[in-house]
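A, B, C, D, E, F, G and H are the chain letters, set down in written order, and residue numbers restart from 1 in every chain.
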């Protein structure tokens, strides 16, 4: 039977095809598999991003890789230290949260975008129960070509934003909440059933996917990789 | 075996106990059963309300009852002609719809309230995709002790209203929509999972129940019947 | 990227708008975020309520806040010690449970009401399997303008109560039970589908929301804050 | 390929084994198949019962069978005219309905029992929204060894009855209702999650199955067939 | 606010009404509440049964009660030592399992029956994947008035048994299994949709309820308590 | 915009690749599209099979195609008249039904197999409620390499058969039934959760797919087309 | 009570805010309401689009509007005749279908885009069961900035396309299919759970919404209306 | 009451009947029951396979059995050391995974097959997001009579493979993923709703069942046991 570590195949070709570097998804990997995947990611020469990695998994990485990774506990992501966006990068993406429980998902999106050279404006705690909170950011929001909106519970923020701005609104339902909101289904269905036309919906808690979609939009479906330029 | 018509028992005692006259629910009754229930309702001496009645059912009623009923095709309700609210009644309930598909449910609530002597203000087509539509009614909304909000699709209007006003917000999800919104489950879950605290939720399409809840609130849990006073 | 603690924004404006002070929801916050939110709540000058807080979270609060909070293990809530209702307050809300597993949710409602100056009568263990248990409280129940009913399993108590009394009945399904009752969906659907007209339904386990709805009802949609008067 | 009519095999052996004659289920059969099944049922010499048969199907039966069958439009059942219970049979089963929409299912149970020689007492429209309606039958109910309770919507009647009486309570959820009650799932889950111990639950709308269970109980698991004795 | 221990009310009246002594459901109780409930149960003078009690909960009981209880780890039940059936009691109930994972639920039923003086025959591991296993017990099965069948996964055993015997078949779906079988829904639906007529269905894992139903059947809806006779 | 008829592309290449000729799925096609698809199917030179075709659709086909097709009302399929299996073909597939409502799905499988030159033995009405019915065919069943089992309701037949025979058992759940069985989900889950190892499961009502799987098995993954040989 | 026709409010402001003209959703409107909405749409001076309109509804429109509308039976849409894209418009959107049953949804997207001046390339019947069908269009696909992919059944086409091209892939699940595919949930979940990163998901059958999202992308979140330029 | 260990009955007869030796399912067994089942399995003289066994369970086995078992941590299976396939066995089964999270399920299938003497080719990490990865194995795949495909998330790999090869494709959905993919339902539905005809579907995570189905196919429904030959 095959060697578990040998099964790991980092897909560096994806970056060339899609302009979207492969992220290493940590939570389904054994320590050996994770180390091997990170090794291949560094060897590929592209941006290195690890998602859904616990503190324990990060601590167990071989020193030579751990020292080159910036780990963020909130989003449970790590990215290569040389991969952060340049200070002067134009901000093209807004990332919003309805409440503080949505911040980890938002942060996963922000760091995925950072890993590709995109800077974000982060607007937190603007759930619709206090509508004025989001309205005071309206000027900013209408000027951004892409907005990533992270919300759990009833997900009303998706429709409010998509009704206010002409840009691309990417809805990321989060698994925040209890009762009918548990697991994020209520927010997911709210995003899909939105009365505001043209909302782009991601899977629950999929900050990484939302960032990839933002990159597809901003790069015009072209090559568009600006990390390390 | 029992006579199908004899099974009909109009529950006039409910009015005395709860201050909520029994409505005759038409759609599960045969023509004979419906005529008998309407007869008992008129005999009980209280307000007469028939809900979920098709045009065919109305047309098949005996002349003596049909002539005394005001039938509304939009809400598929009939109520006794002498039971409409007096012209000068103070308006204590606002009834809102997100879109025109929610009007039949809203109208069922309005006519149930009318049957008990309550006048309503009706505000239509204020879904959150165009937030200014609801905001221009804000002055009115904050002054009403009870708001019945009817919305299908993603039901974001429930949270927006409940975050704006201090009154009792009764959410009535409607079965408007397709895909994940079909049957009203997305809107129902949005109402239950609302980030605005203290939303009162009804079953899908239950305009009658929402009106009964409004009456419970407005009558202070007392006798409160003002129809025909 | 933003500082996690800086993301915490206690929404003191809600009290002014809705007459419903913001509760601090503990279970989604890190120790640092929770301490910051509690600090802002005390600074806002209004009543302080923390919900869904574990014993560990309470123990980890800075001394200066912990010493001013009354923590209740059953409901996992804390409220500022100076915020309990005056001894002579009129009782306007009844809080019922079907069984002892529903007590934590009922207690969350009671303490939220206490935090706003409302006293409650608490009636426990009156599930319909022994109907006489609830019937012996009937005299009390018909006189209360608001009843909060907490029940899991099949939730039959909601309909029995709403058929007995003219007041506002707020159904809080609880996640008590196993098999089809697990997670509270059976009780939730029973509340929504009740044959008794005008039941107000909350999300599963949402004692806080039920109390907020009770306050909306009792304050007549007005300012209504009596805590600290 | 086989002849569609030849596929029909009336299972007369079931009566010998289980004491439960096979019913002919009409709604999935073509006119030819139905006629053949009815022919075999008469030939078997036992009681003849046809369920879920539309008026059109009944009208299309060959004269020789139609003339020997008593058709009931409410329950959509037919049974052989010589198969009704003797006038003096002791009543051992109570059949209850919460509302008039549950009558068709109750009637299917009553007629299945009639076909086996059991007489029933039928108590209609005793839903828990008006608790006194069922309480006035309490004396009767506690003396019956088997109660078949038919209820849709929230199905609270199952628990109320099973908490009042020591007999076998067979819950038959009905597909009455709309929103979360549509299709009978809310009532089904209420029956399964009942806080009253020992409720026997049937599939939604399965009046025939409930009657078969009653016969199993009353015949003591023995031969027990009394039809035509 | 009320004292948590004072909330415990052991319902001794249930035994008189229904012939079904109240069991103490342990898993939702704190140590103090559990001790109080057990105390009241012993004081009531009837049979004492505790269900869903962990080893830890049993160990934490006060000595005076623990010493009088027979604890069974498999079913997580305890019953008073003087409450076991007499050696010569006639066996009237068969309890079957499809596989060894169903044994805990079966044992809960057996011990509940024992607590009321009923002896059982226990037949394990007769799932339909090896049909001859159940067929070799056929002689025994057809002579028993009540069979409790515990099965998870696809629950095919319910239909096979109910098609073989004339007695009352009580189906107890168990939460055994993974994928679509997880939580017991597949087995529950199989029991409800059985092609064999007259299956009595219980909630998932509800061995206690199945035993209560068996007692209702065997006592003829009468008083029927034989424990301690 | 494209011409609706021009969109029809009969995929003749599938036969070469998979040994499975494309069926024309009628129910989603307009009359013009269906005629075009049938024309292309005849032109391709392979076997012609049309599935899910109503009588009206068949009647509306151009004469030149209708006259060359054998239409079966039970399965709503048509196949080219020159495509039926030779009289002497060895029978390698058994097709079983639990009840007569399952026959249309079974017949779709039989006719798909016929179209490829495979003859079947058809065994109807052998549901497990009468176990002896299936047991009397046991000798036949153990000798067949492939069995297609069609069952609705609780689907217990899948497990019983797969526990009796060493051949490949293909479970086809059918949408027969009401309540929890409606739509075939109960039977589908029973097939997937079967305690008998190695059941191959198809989508609900997918007789065509089951036949394609049988062909994949019998042809050894090779070319295996024997129709018209 | 309000006049049903007066409730219709065509939201012309949406075009200014979002660059997305309001479509008139026909299927929830009465003939009077629909005529009024169409009148307002023409009066607003912008592009006129009516969706989900039956042939009967179109035929019932007043002559003056019907004569100015181009009605398409496949997509059930109508658009103002002067609103079609200019012949020389650059093609920026590809619209793909997996099978012919997905064409109506694709056509709704195409006509919505046409109404805004965007031309599409339409690629039909490229489901993954025949992978070469989609591969032969690969050159075209990689050059388009936006692809709208319409697929029902298992929705595998979404992942295959999103793994091949760098552009924005908008997945539109369709309600094609039976069994677990009925209603489009299987395809919807496939889109959301796609292993290809950055898929934008729409509600089931929402061709209109997908087109709106495409316009948001192509207009760069700007004004971007080119219809009638 | 019965002795828990005595309840264990290893079903050696299954091997004779079906050609499929019974596996010992460990995760539902106590240490005593597991040791007893393993003892019986060795005594039966056939191949010994234990599935879903934790490291702790393996460590707790009596030495005499543990020493004869080869334990694999990835698949959590153990098999008798003398039971591995001969080196020169022809490879007839391909086992594919979409991603590394699917490997444990694939390995359970491979080891079950090994236990019966079948060798496999294992092809990992060929999810459709990078289509070329699977295409480079096409030559191998078309020559294998049976392919076991393990995939979670959206399960698109099932359809792609079944559209490429004529062999039997056994789809094993895995519980990999989050949001709508959690628990494997999205992948399961994709397998059942596949547009490629004739996919054989197993329960989620059921590698053992998939291997049993492969053995049924390869042994031609005959005796076919080659382990230890």
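Criterion: a contact is a pair of C-beta atoms (placed from the backbone, for glycine too) under 8 Å apart; a residue touches a chain by one contact, two chains touch by 3 or more.
Just so it is clear, the model here is predicted, and its values are computed rather than measured.
A.B. asks: Treat touching chains as neighbours and tell me the shortest step distance from chain A to chain F.
C.D. replies: The least step count works out to 2.
A.B. asks: Note the shortest touch-path length, in steps, from chain B to chain E.
C.D. replies: Steps on the shortest route: 2.
A.B. asks: Matching residue numbers in more than half of the contact pairs is the bar here; say which of E-H, D-E or D-F clears it relative to B-C.
C.D. replies: When the contact pairs of B-C are compared with those in E-H, D-E or D-F, D-E matches.
A.B. asks: Please tell me whether the contact surfaces of chain D and chain F are same or different in residue numbering, using the over-half criterion.
C.D. replies: Looking at both copies, the contact residues mostly diverge.
A.B. asks: How many Å are there between the centre of chain C and the centre of chain F, using C-alpha atoms for each centre?
C.D. replies: Each chain's C-alpha centroid was found; their separation is 57 Å.
A.B. asks: With chain centres taken as the means of their Cα atoms, state the distance from chain A to chain H in Å.
C.D. replies: 35
A.B. asks: Round to the nearest whole Å and give the separation of the Cα centres of chain C and chain G.
C.D. replies: For chain C versus chain G, the centre distance works out to 46 Å.
A.B. asks: Chain A: which residues touch two or more other chains?
C.D. replies: 17, 99, 129-130, 163-164, 179-181, 188, 192-193, 197, 203-204 - these are the residues of chain A that touch more than one other chain.
A.B. asks: Name the touching chain pairs, please: which are they?
C.D. replies: Touching chain pairs, listed by label, are A-B, A-C, A-G, A-H, B-C, B-D, B-G, C-D, C-E, D-E, D-F, E-F, E-H, F-G, F-H, G-H.
A.B. asks: Where on chain D does chain E make contact in their complex?
C.D. replies: It comes out as residues 17-20, 23, 144-146, 163-170, 188, 192-193, 197-204, 208-217, 219-224.
A.B. asks: Can you list the residues on chain A that touch chain C in the complex?
C.D. replies: Touch residues, chain A against chain C: 72, 74, 99-101, 103, 107, 110-111, 122, 124-125, 129-130, 132-133, 176, 178-182.
A.B. asks: Per the contact definition, I'd like the list of chain F residues that touch chain G in the complex.
C.D. replies: So the residues of chain F touching chain G come out as 1-2, 4, 7-9, 11, 13-14, 17, 28-29, 33, 173, 175, 183-184, 188, 203-206.
A.B. asks: Please name which positions on chain D make contact with chain C in the complex.
C.D. replies: Touching chain C: residues 98-99, 127-131, 153-156, 158-160, 162-164, 177, 179-181, 185-197 of chain D.
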